[in-house]
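Shared chain: subunit A. Partners: subunit B in the first complex, subunit C in the second.
For the complex of A and B:
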């Protein structure tokens, strides 16, 4: 069954990238096309979201080649949710970038590269095949490399080296894992892998090596998601990239790693069992998830701790936000760890992960854009130079306030339900350790945001802040995204329904 | 026999690639990443299974048994991607040399430390601030276009 609506978001993003590439000499046309592409992307995603909502799982076979040999695109509730997240963050970031990225930067390559990044993100969310996941990762990463070193200065190239080489090594490992999977399972189609792993005797699959290969893949996905111990590239890359790009990197690109973990480990490798137990010290049970649960748990707790503690002491707002996002990804993965270990709360845990991902995407997007607007208006985002922004620009201060409170988890903002679901899932599973880690993380979140708030936004306006002239377009983007954060919290019911659909349709 | 030779070669390639990645010279790191990527490609081809009778699926209709064509198709894709990323990594290396005047990774990281100290003293080094200023300047009247981004 071929459904064009499945490929629509990808085609729109690809079309926007090519159109902006062709019109690169004509500034107005290019910006117009780019914005039109961004809007069309939102429309295409909305259409796909509605279609998936009524029809369930949609598939598209590229060029009519049948599965498992052809390239399959699959849109289910999980993909649709992640695509909606990408659309919600990418359009405001794009509008913001038109006013933020310098004219020369826009002339050179910003718009095509931005849209190519969205092509990669969309492809990664839609693909039904592990090798194509690799290809879309590369499309996305290649564009993000360019955007991280966009300004090309000293710190940017330095952050770029770290980001590029870590990810190139990650890609090599991903290829190794994929090759191994093909050799042991005999297919790369995700649904096919799940089928064969579910009945290893009939298909002659030896599950033990698959577990090892899945573990290699997990390292690669953790690198993309910026989980400890693979977080080294995060602060440099987010500081180096232009603010709207940081918003998309933290909001969307990171979530691709999270998505891959949910998709592969809970719907594909989750069915696998090692007969006779895992045979690893301290791990009971025979399911693959009995292995990945504790591993994810350690990564999540370490991320929450490391990110939170370091963020408390940062003076650079972007750096603070980067460490904060390491910590927040820990919160996103923590319910997954609990859900992997305790099957009873698995559905709730996946819903919690998705809701928290959405919350982090919009809130962190808002914060990075606010930080960009502050930088443009004030000329610095170092807390030592800031102060009293509340007096000079209540809107900017409001953007930071709403984003910060959303990450802290204050009702009625989006973060309240995210945090509540995370706590709910861990408490129901009886995972006291996870609950404790989440509590410590929540306290750290309050600590670093209130410190930034006190130093940067309250008090007497500093010299730099007093002369601030924020741009109107940037302010309206900040306001819009702030309203989205509030709207998700107030009208939470449909969001929760959309987030629980993936786990309901898993059965 | 072929399997053992390939296994040993792959092991050596990965070991050599890892060794180079851990060097301080950026160019060696690039080489290391390239070698690791190529080793992964060779590994991917071998995962299709090797048998002495089967040939690579290149000549159409030769009537001979062929090896698994899927991995060959995958490797073609991976090679193209590897080519692109290698080109980018080399350009980035050149840019690093332009910006920092060195290709030693230790010096690159300390040069930023020194830069930030100098920036505190008042003479702005090209930090994040400096470079974003440049982005701001581009829209300004003096339009400094000292090539923050390579044209292409």
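For the complex of A and C:
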């Protein structure tokens, strides 16, 4: 008997997309169905999460064809964690969007496209096959293209074109690398690749080209995650997209890249070794991870630095948040780099990455929604037009405050444990350089958030702010997400348990 | 405006294309063909009419509708037809997959029945994959024609 619970989140999102497409002309029905779909998605993910918690790894063969020939879905602790992250961010964003995206925007297929994007995200988290990972990436990207150029103005189109071209190039590279992988390994099923790489002599696999192909794939995933030097599309796309979409792009879609790195490099390519060493200058060891560790390290440190420094000088809140998320993804990947190089802290490092991903998803989602609510109420999100929001709307200011502090890493909030685990993993590994980079990054985070706070939220209310009328629904979404940020920090124990399960089950 | 030759050729070719499309659609589940290519071919037939006779002819003579200006089209025009085809096709394809779950099989599982002693035809194959293909077909036709109608009217 097949376990429908594995495929349920995907089917729910697909059903919501189709239902909203069919009811396009009936505005109320469409919004109702869309919200129902969002709620059902959370329920389906919760059911899957519970099932994975008790049963361990679940597999599902689509249309009943056996692996490695059929399409396999695999739900394990890692997928379940990432799906939970997606569900926590997507529902508030959807509720927010109902009030934020104008009437015409709602008619122009906002809801179907949003749900199709969630179909892609869900599929990417669940698939057990590298080629299908590519397919789900495409489903997700196609929808996000539409959402980035949603407003259709000049700057939006410009940002959209850059986003589309970079991602199309990325997809082409990904397809080429996958083709090469199939030619060298002879399979694309992730578990099968790991098995063959673990025993290359029996299966006649030459590991050296696999390492090169895996490196090409890493570039593609880094592009999706917005890591330096592939970060160019991030600020434009996040500014152009409607705020709730930016929340999902920064919170969830970016994490798909991070997920792919964790999944493929730590469970699949991680078992690979090049007999006789890597033969590259400055890199010892024979494991694939000995190569990817330093590469990830350079990318992570550069992201933390570039994102942080540029964010300090931004006046547009959305742009600031976009650069901040480049920097934060650096924080997410840094423990992975350390864990790849130092096997002793690998489990802790993966847990740190997951916890920080969750923290960033929720906090950045909250910040983008707050910025959207400010834009709606004030008509601008330029720090030069803002000021004194604390006096006019304490709730909005509170949302920004909580989100900012969570990213800075202040104790009762979700970010504290994320930052602490990152520092813990790097310190235990004795990676002083990584520790130093993380410290500088943390200081930069404090710098850009306190600057935004001082200029936008404290002081005398500016003219625009004094006439602000925030919408009730948006405020309640901001409050809810703010509470989630606090709840993750206060009730951290189950979160940490869920985040360390993937590395425990890896053995 | 198009020449007599072009118009005459299109008049003969369009039915041929449509018949080929249907043949590809019906055999798609176990021979070369399928919903996607059948959909593309069908769209090509419409494109030929559209290019040679014009969009208004397509609306008046084929669909028996009164053409509306391009901006109106988004809400009331022929686009509604195309977009409904698109949505219904997706729904059909998804439903054919979900139906398998109802029988306790994994999502998208397909089955086949053979009918013997059918008049004229002899043995006949009824594949559930055809329903899925039909969904793909409508999706492709609807999507391609939507794109053509929007881009063409601009």
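Here, the second predicted complex is superposed on the first by the 506 of 507 C-alpha atoms of A that agree within 3 Å, B and C clash if a C-alpha of one lies under 4 Å from a C-alpha of the other, contacts with A are read in each partner's own complex, and residues count from 1 in each chain.
Basically, a residue touches a chain if its C-beta (ideal position, glycine included) is under 8 Å from a C-beta of that chain, and two chains touch if they have at least 3 such contacts.
Because the structure is a prediction, the values reported are computed rather than measured.
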Of the partners subunit B and subunit C, which touch A:104 in the superposed model: first, second, both, neither?
first
Going by the contact rule set out at the top, does A:149 touch subunit B (first), subunit C (second), both, or neither?
first
Check the contacts made with subunit A and report whether subunit B or subunit C touches more of its residues.
B
In the superposed arrangement, does A:24 touch subunit B (first), subunit C (second), both or neither?
second
Quick check on the superposed pair: does A:14 touch subunit B, subunit C, both, or neither? Answer first, second, both or neither.
second
Of the partners subunit B and subunit C, which touch A:60 in the superposed model: first, second, both, neither?
second
Need the overlap of the two footprints on subunit A, from subunit B and from subunit C, as residue ranges.
none
If we count contacts the way the header does, which residues on subunit A are in touch with subunit C in the complex?
1-2, 4, 7, 11, 14-15, 17-18, 21-22, 24-25, 60-64
Interfacial residue positions of subunit C with respect to subunit A in the complex:
80, 83-84, 86-88, 90-91, 94, 98, 100-101, 104-110
Touch list for subunit A against partner subunit B, complex:
69, 101-105, 108-109, 131, 134-135, 138, 142, 145-146, 149-158, 160-161, 164-165, 168-169, 171-173, 175-176, 178-180, 182-183, 239-240, 242, 316, 318, 375-376, 379-380
Can you check the complex and tell me which residues of subunit B touch subunit A?
17, 21, 26, 29-30, 33, 36-37, 39-41, 43-44, 46-49, 70-71, 74, 77-78, 81, 84-85, 88-89, 92, 95-96, 99-100, 105, 108-109, 111-112, 115, 125-139, 143, 145, 147-152
